[in-house]
Amino acid sequence: MHHSIEVEHLSFSYPDGHPALVDVSLHIAPGEKVALVGPNGAGKSTLVLHLNGILSGDGRVQVCGLEVGEKTLGRVRAAVGLVFQNPDDQLFSPTVYEDVAFGPLYQGLGPEEVVERVASALSAVSMQPYARRVSHHLSVGEKKRIAIATVLSMTPEVLVLDEPTSGLDPRARRSLIHLLCDLPMTMLVSSHDLAMVRELLPRMVIMDEGRIVADGPTQALMQDGRLLEAHGLEMP
Amino acid sequence: MHIPDGFLSTLVAVIFWGFSAIAVAYALRRVGKDLGERQVPLMGVLAAAIFAGQLLNFSVTGGTSGHLLGAALATILLGPWAAVIVLTSVVSIQALIFQDGGLLALGANLFNMAVIGVTVSYFVYTSVKKLARGRSWGLFVGGFLAAWLSIVVASLSAALQLALSGTSPANISVPAMSGIHMLIGIGEGLITVGALAFLYSARRDLFTPVGSSPKGGALVWVFGLAIALALAVLSPLASTHPDGLMWVARQHGFLDAARAPFYKVLPSYIFPGISNKAVSTIAASILGTLLVFGVALGVAYLRRKKVV
Amino acid sequence: MDGRAKFLLTVAFILTVSLTPMAAWPIYILLFALVLSVEILSALGIWYVLKRALLALPFMLAAFPVIFTVGQTTLFSFSLGAWTLTAHSEGLERFISIAVKSWLSVQAAILMAASTPFPELLQAMRAVGIPRLLVSMFGMMWRYSFVLVDEALRLMRARAARSGQSSQAGAKAGGSVLWRARLTGGMAGSLFLRAFERSDRIYVAMLSRGYDGEVRSVPLPPMTSATWAELLAGLACLGLLLFSGILFWG
């Protein structure tokens, strides 16, 4: 059985020479739910962008048994669903329906299947009645749900979320946590919300200055106050 | 400067639709080559930014305020082809959603703001920049002049379109429009320079690649020069000899008139039995008015039935 | 009603208004009846549409001089200092015609815009053959104009919140016009910069869902026969009005 995500000795520097990832290795098994935490600028987003080939650095990245590269790009992007932090960036179509249909359309699916995919993705996030709505008029919580639906419609094996709970009020945050809890796929969640991490994600990876500095069971790492403090984190 | 529907004769409106359609189609092709797959998000969002930027106003004096149109800014930041598309989006959406400018007149408005605005900006900006030889004053002086002149030339073009349509005599509309827009242009220039200064200090990298010289830039430059010159020569000419333009307007007025006999197969009276034109006009008006009420009442009645 | 039919009928209506000869008053009235009845149907509120339609009124200034320059039949004349202005009835006729035509056209455009969700208008534009690339750009611009307008309003609010007046005597609030204009320019610049950065993020979000540069969109639903009937009836009606307008007043 292959791992869902395999990253081996990945390094990456931005064009201005600033190193963002330094020799990062990470293995995530199918069905695992993993948190990615660390201060701003630690390299979390850069790592996440490598997982579906938007950035490519030195080293090896394998996703669901596919080597990430020019040739596999299309299949990799269907296998890994990326949900970005700001839903206004993710929802770029005039209506909710068109946004959720975007991924399946680019996969080249037939019209009936697109309709079906949209319906099931929207029902997975309990937003079926919103299909004809205009994205701008939704609340932040609703936008986050739709943003998740836009990748669910591509039936990914791995779901990667960037700050899913940022900007949500407690009720919307709670309902989003329930939603994530119910989704069956492998999950990698980058977040500052350690309370959510403790509740939802049994494994935790801490990054700082482009390196992975700790990787282990969430419960155990959370006890280590000194480790958390050293990397700008606070116990919830 | 957004000409509403009703002010342009159909012929003028259609001709300028043709010009604009050709220019936009060509720009679309060029943009596809230059920007590749990034084009949709980049231009879509920047069009929205110009649209939103037009809301930013500053008080000038006594209740009037200046605000941005953005042709020069878009041209400097994106290059001429993308700027044409971005302004096309802005002007079209304004017409479609806010009725800022008419739909039939959209062709002429696109021509003034997207085509003339961009080409004249490009011509002025690149010329001044060349004179400055890479020193930073070229950016600001060029930006100011490009913004100012693009507004003035676009308004001249609008004035001439109105005169060609026989809507407004050139000896009045040309000086009036250009006079107002010479003032508005100063505001445009100042804001453009302010925006350029901000972007220059925050993201200098935006200026080097795009501003250099995109493919087909020479064509735009020549076109901008030609338009600026043509309008500079035509406008004073038109305003001192308004009869010339009126003559043109009358010419296609004649075209309309030339059709008329063709249709006049009916006898010279309009309503059977009524030979006086005035009386028959009144009769037709009354009939029309009755029809209005009939239709309106009928519709209201139908609606009431639907509600129940 | 189908957005595509509405779009075509609106364009046809405005074209008809434009082609109708000057001073064809009864035709104007009939066209007005047409647009008025649709206004009643649309439940937008007649006053709302009629009021908004006055939008183009300031532009009438541009057409005002035709009263004095077109035609021979003297209506009245008066002197203003050294000038003597002579109003002609042909000119007046023209002026009023232009005003009426503009007012009718704007009403039709308002009706379409207010009664059709923008995504449907986009579909209509695709259906009449406007390039997909342009249409998808319109769509994206529309989507983000909300976001960026919010941003612009926040910038202006922040400026207003700090535009205080000093209690010190002699301190003139507001600075010079030049300074204010430059400041506004800076705001526009930062709006642009944010838009640039946002377009980067959107591009990445599109890529991660398989975007490859080609524009693909949801297929258009077919036009129903009812829509066709509405469309054809509307066009026939307009054609008839136009024909009689040209026949009697051309």
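By written order: A, B and C. Residues from 1 in each chain.
In this section, contacts are C-beta pairs under 8 Å (C-beta built on N, C-alpha and C of every residue); 3 or more make two chains touch, one makes a residue touch a chain.
Here the structure is a predicted model, which is why all the values come from computation and not from measurement.
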Contact graph of the chains (line, ring, star, complete, other): line
Pair joined by more contacting C-beta pairs (B-C or A-C): B-C
Averaged-CA centre spacing for the pair chain C and chain A, given as whole angstrom: 42
Approximate Å spacing (C-alpha centroids) for the pair chain B, chain C: 12
Numbers and ranges of chain C residues touching at least 2 other chains: 118, 139-140, 142-144, 147, 198, 202, 206, 211-212
Numbers and ranges of chain A residues touching at least 2 other chains: 92
Touching two or more other chains - residue numbers and ranges from chain B: 41, 44
Of all residues in chain B, those that touch chain C in their complex: 3-10, 13, 24-25, 28, 32, 36-49, 51-53, 55-61, 66-68, 73, 77, 85, 88-90, 92-93, 95-100, 102-104, 162, 166-169, 172-173, 176-177, 187, 190-199, 202-203, 206, 242, 246, 256-257, 259-260, 263-264, 266, 270, 281, 284-285, 287-289, 291-292, 295-296, 298-300, 303
List of chain C residues in touch with chain A within their complex: 117-119, 122, 139-140, 142-144, 146-147, 198, 201-202, 204-212, 216-219
Chain A residues within the chain C interface of the complex: 49, 52, 54, 74, 77-78, 80-82, 84, 86, 88-95, 97-98, 101-103, 105-107, 111, 114, 134-136, 150-151, 154
Residues of chain C touching chain B in the complex: 10-11, 14-15, 17-19, 21, 25-27, 29-30, 32-34, 36-37, 40-41, 43, 52, 55-56, 59, 62-63, 65-66, 69-70, 94, 98-106, 109-110, 113, 118, 121, 131, 133-134, 136-145, 147-149, 151-153, 155-156, 174, 177-178, 180-196, 198-199, 202-203, 206, 211-213, 215, 246-248, 250
